[in-house]
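We call the chains A, B, C, D, E and F, going by the order they appear; numbering starts again at 1 in every chain.
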Amino acid sequence: MRTGIFVGRFQPFHKGHLEAVRYALGRVDRLVIVIGSAQRNYEPRNPFTLGERIEMIWRVLRTEGLLDRVLIVPVQDVENHATWVKFVEASVPEFSHVFSNDPLTLELFRAEGYDAAEVPLLNRPLYMATEVRQRMANGGNWEDLVPSPVAEYLKEIGGVDRVRRILGAE
Amino acid sequence: MRTGIFVGRFQPFHKGHLEAVRYALGRVDRLVIVIGSAQRNYEPRNPFTLGERIEMIWRVLRTEGLLDRVLIVPVQDVENHATWVKFVEASVPEFSHVFSNDPLTLELFRAEGYDAAEVPLLNRPLYMATEVRQRMANGGNWEDLVPSPVAEYLKEIGGVDRVRRILGAE
Amino acid sequence: MRTGIFVGRFQPFHKGHLEAVRYALGRVDRLVIVIGSAQRNYEPRNPFTLGERIEMIWRVLRTEGLLDRVLIVPVQDVENHATWVKFVEASVPEFSHVFSNDPLTLELFRAEGYDAAEVPLLNRPLYMATEVRQRMANGGNWEDLVPSPVAEYLKEIGGVDRVRRILGAE
Amino acid sequence: MRTGIFVGRFQPFHKGHLEAVRYALGRVDRLVIVIGSAQRNYEPRNPFTLGERIEMIWRVLRTEGLLDRVLIVPVQDVENHATWVKFVEASVPEFSHVFSNDPLTLELFRAEGYDAAEVPLLNRPLYMATEVRQRMANGGNWEDLVPSPVAEYLKEIGGVDRVRRILGAE
Amino acid sequence: MRTGIFVGRFQPFHKGHLEAVRYALGRVDRLVIVIGSAQRNYEPRNPFTLGERIEMIWRVLRTEGLLDRVLIVPVQDVENHATWVKFVEASVPEFSHVFSNDPLTLELFRAEGYDAAEVPLLNRPLYMATEVRQRMANGGNWEDLVPSPVAEYLKEIGGVDRVRRILGAE
Amino acid sequence: MRTGIFVGRFQPFHKGHLEAVRYALGRVDRLVIVIGSAQRNYEPRNPFTLGERIEMIWRVLRTEGLLDRVLIVPVQDVENHATWVKFVEASVPEFSHVFSNDPLTLELFRAEGYDAAEVPLLNRPLYMATEVRQRMANGGNWEDLVPSPVAEYLKEIGGVDRVRRILGAE
């Protein structure tokens, strides 16, 4: 069984992330979504808690019928970047494929010999979490950028107001 | 949807744990298996890494057809025990039920007002991870105490020899 | 006995803080001054150590005759913001009222259900620690912005020169 | 003004501690009660949170009329013991006298040149927190060993039952 | 034997650092090169790991015939700056002289009573690690700014490409 | 150039360690002495600070004329044992040989594929740091167990009295 990991912060999980999950599942049998910066929340670039991010991703996976092929595993940041890949290796099932669009993640996995792959499309503006958060703060149309289970969940927990306050307070 | 958490260290995941999962799933719609002491490994009471524990639990859930009702979320230890429940709350989807057989876990959740429940049977000697590790170290029949996917996996990774060496080195 | 907490960094404690203490003491019987970012010092936004901040606040409280109604408790930062309120709760006597002018502090306490109150006046320019530090660095009249025991103490320890060097080194 | 520090864990604050405070106040003008292992709680040797320890000490100081001469400052443990005295120095107002009955505390302060003093009496069995906790766990007469405000407070918060459960779970 | 410390981050070790080592060795018998921010790497201001920095410095010392008079000791950052000097003192052999060109390092050592000395020349643009990293990223002539064993080593490990990618990713 | 590492805690550095250094230098060109548990000191199993351990080892290396072939690098403990080898790799120059007599160190390096070697003799009772510390505490003849520069240094700093007090306080 080929296993891959897809590394991101998912603040929040948007349609680009879902595309990336589908892309990765075309190449591996099982995918681990690694939620990075797991310990961060209630700050401008990381408004949502780990629990909230797991919930939103889980609802999308359920809707998509992917719960039997995708796991979610959180990983904290470490200051000593050179040890981070090992930290991930010790935290998730054994994997052979790495997917990410974060330059540091790619740098670190490649330094350890992984053939880490950038995911196509994910760098397009509409597929960036920064854009989603900005629209939330500015009253723009953010719902179109995220899978509908994410939009519903964020409304349930008052997530948009939180983002607006946190970005406004900067 | 009622969500519960089942807290343990799963060093390793044994038949008692599987019984507890079934018990809990009779009372909630969705269960989060919280892997405590997530950061600990290669020591007598915690021989397996987080990644290894996730793998063994995932294989059991797949065999049992439970991947769509059970999530796995690791949580680190914190020295300031009084904050640990909040740490869990911020790390997993919202939950209403707590299952555990660890006295400190029960104490801490009850102090926060949860009606945390001990799981029946789980305290029987054959359903204790300590016994499993002892048998591994002593050459006893440990395979009968764990679900078969766990036994297979531990053989794949040389887990029994590791336990023997680590317990022998004490 | 109604107890409140007043959360700030107090770098340094200025007249606005003293106003806030009086305001809070009009609403509670006992006030805990929570010194946040307790572990930070010798940096531009946090020039003074915890011990120095406790000393300056203590001298003001003594001068004002408030030592029997006001406690001082330091609290460190935590990266996992969602757990910080619990961290405070575990660190101070039980409280019902929260006073602060820091947006993140207000956000976090309100997320936990507290009716956290901004303190009137405290956002006026003369009542901001940033202004005090800037005047110290620029040779301006900072003494008028702080209670006289603070001014005396900062002169005793060479605090103004320290701020000038640290801000100059940026 | 001569300032001293009195270092302990105060799990819980007992009559021996109160004797030590009086002893120290005969030698200094102002005393800082340093609550060590501040971050520890809900464990056999450290059942009470920092906030609970501050509350119990504060009530005793109020009853004794000592709030204007005694401050309370928590300090966390550090693994690098050789740096701990400096950590304390950065956390409390400047001091010249050190009182403690903990051998490691005395060792570390003396290594830094302090004339740290053991407090008379405090090693007598009735003046030890271990004895208080044991009596709580065993149903013995613990109330006589602590100042009455401590006894009242511990009953308010169910502290005795907590100690019994935590010690019983070992 | 007079011992001095020379504190820097050495990202990378350049000719200005070597000049400083010679300058210091004119004033002390033995020099400890303290590698600060030891835990940081793979980031724009700190591209190289501790091991890589030790290797490059060691090769220079060997070439210069200085291995019997110079030690290398790494030290991590600490948030509580006021304790950092003590942290250094506990980490290196006893010393009487401090050399550095980092303003915070000088501030902290002077606050502890050391007569910390800025090293002449080291602030000239060609003697700054920032300039070296910029030239690496921009394809400029960085080799002239570092001792030749450093240039060779950085080529061996692909260090220039790493700096280019990390600075480009900002 | 073949490089090896020799991992230990060196509390204190004794004749067995020196034998091991010689043994290793017969097999590699350059040896890195990795001082483990670098952050620990003033406790029964780890009485000496990192700086003290570096000093004692450095004096032995100087006496033996080995300063140009042996480096000393401290490494902290990490709770996540599975990541420790990577932590070492990021902290020292690249190496191909591993020498140690600590079972956990051997286990962890072998798990990463290193052919880690136990050093002959080092397990003999006279070549164990535990024995040295016990003799120090009991007034036995500890000097014979350590190289003479270590014995001299420990007398200079009052190390024997420290060990006696720390072991006595247990």
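Observations on the structure shown:
We adopt the following convention: a residue touches a chain if its C-beta (ideal position, glycine included) is under 8 Å from a C-beta of that chain, and two chains touch if they have at least 3 such contacts.
Quick caveat, the model's predicted, so the values are computed rather than measured.
Counted as hops between touching chains, the shortest connection from chain B to chain E is 2.
Comparing chain pairs B-C and A-C by the number of C-beta pairs in contact, the larger count belongs to A-C.
Computed centre separation for the pair chain D/chain E is 44 angstrom, with centres defined by C-alpha atoms. Centroids built from CA atoms put chain E at 37 Å from chain A. One finds 26 Å separating the Cα centroids of chain C and chain D.
Residue positions of chain F touching 2 or more other chains: 41, 49, 80, 82, 89-90. Pairs of chains that satisfy the touch definition comprise A-B, A-C, A-E, A-F, B-C, B-D, B-F, C-D, C-E, D-E, D-F, E-F.
Those residues of chain E lying in contact with chain F across their complex are 38, 41, 49-51, 54-55, 58, 62, 67-68, 71-74, 76, 89-94. Against chain D, the residues of chain B that register as touching in their complex are 79-82, 103-104, 107-108, 111.
Here chain F touches chain D in the complex through residues 39-43, 49, 162, 165-166, 169, going by the rule given at the top.
The part of chain D that touches chain E in the complex is made up of residues 80, 82-83, 85-87, 89-90.
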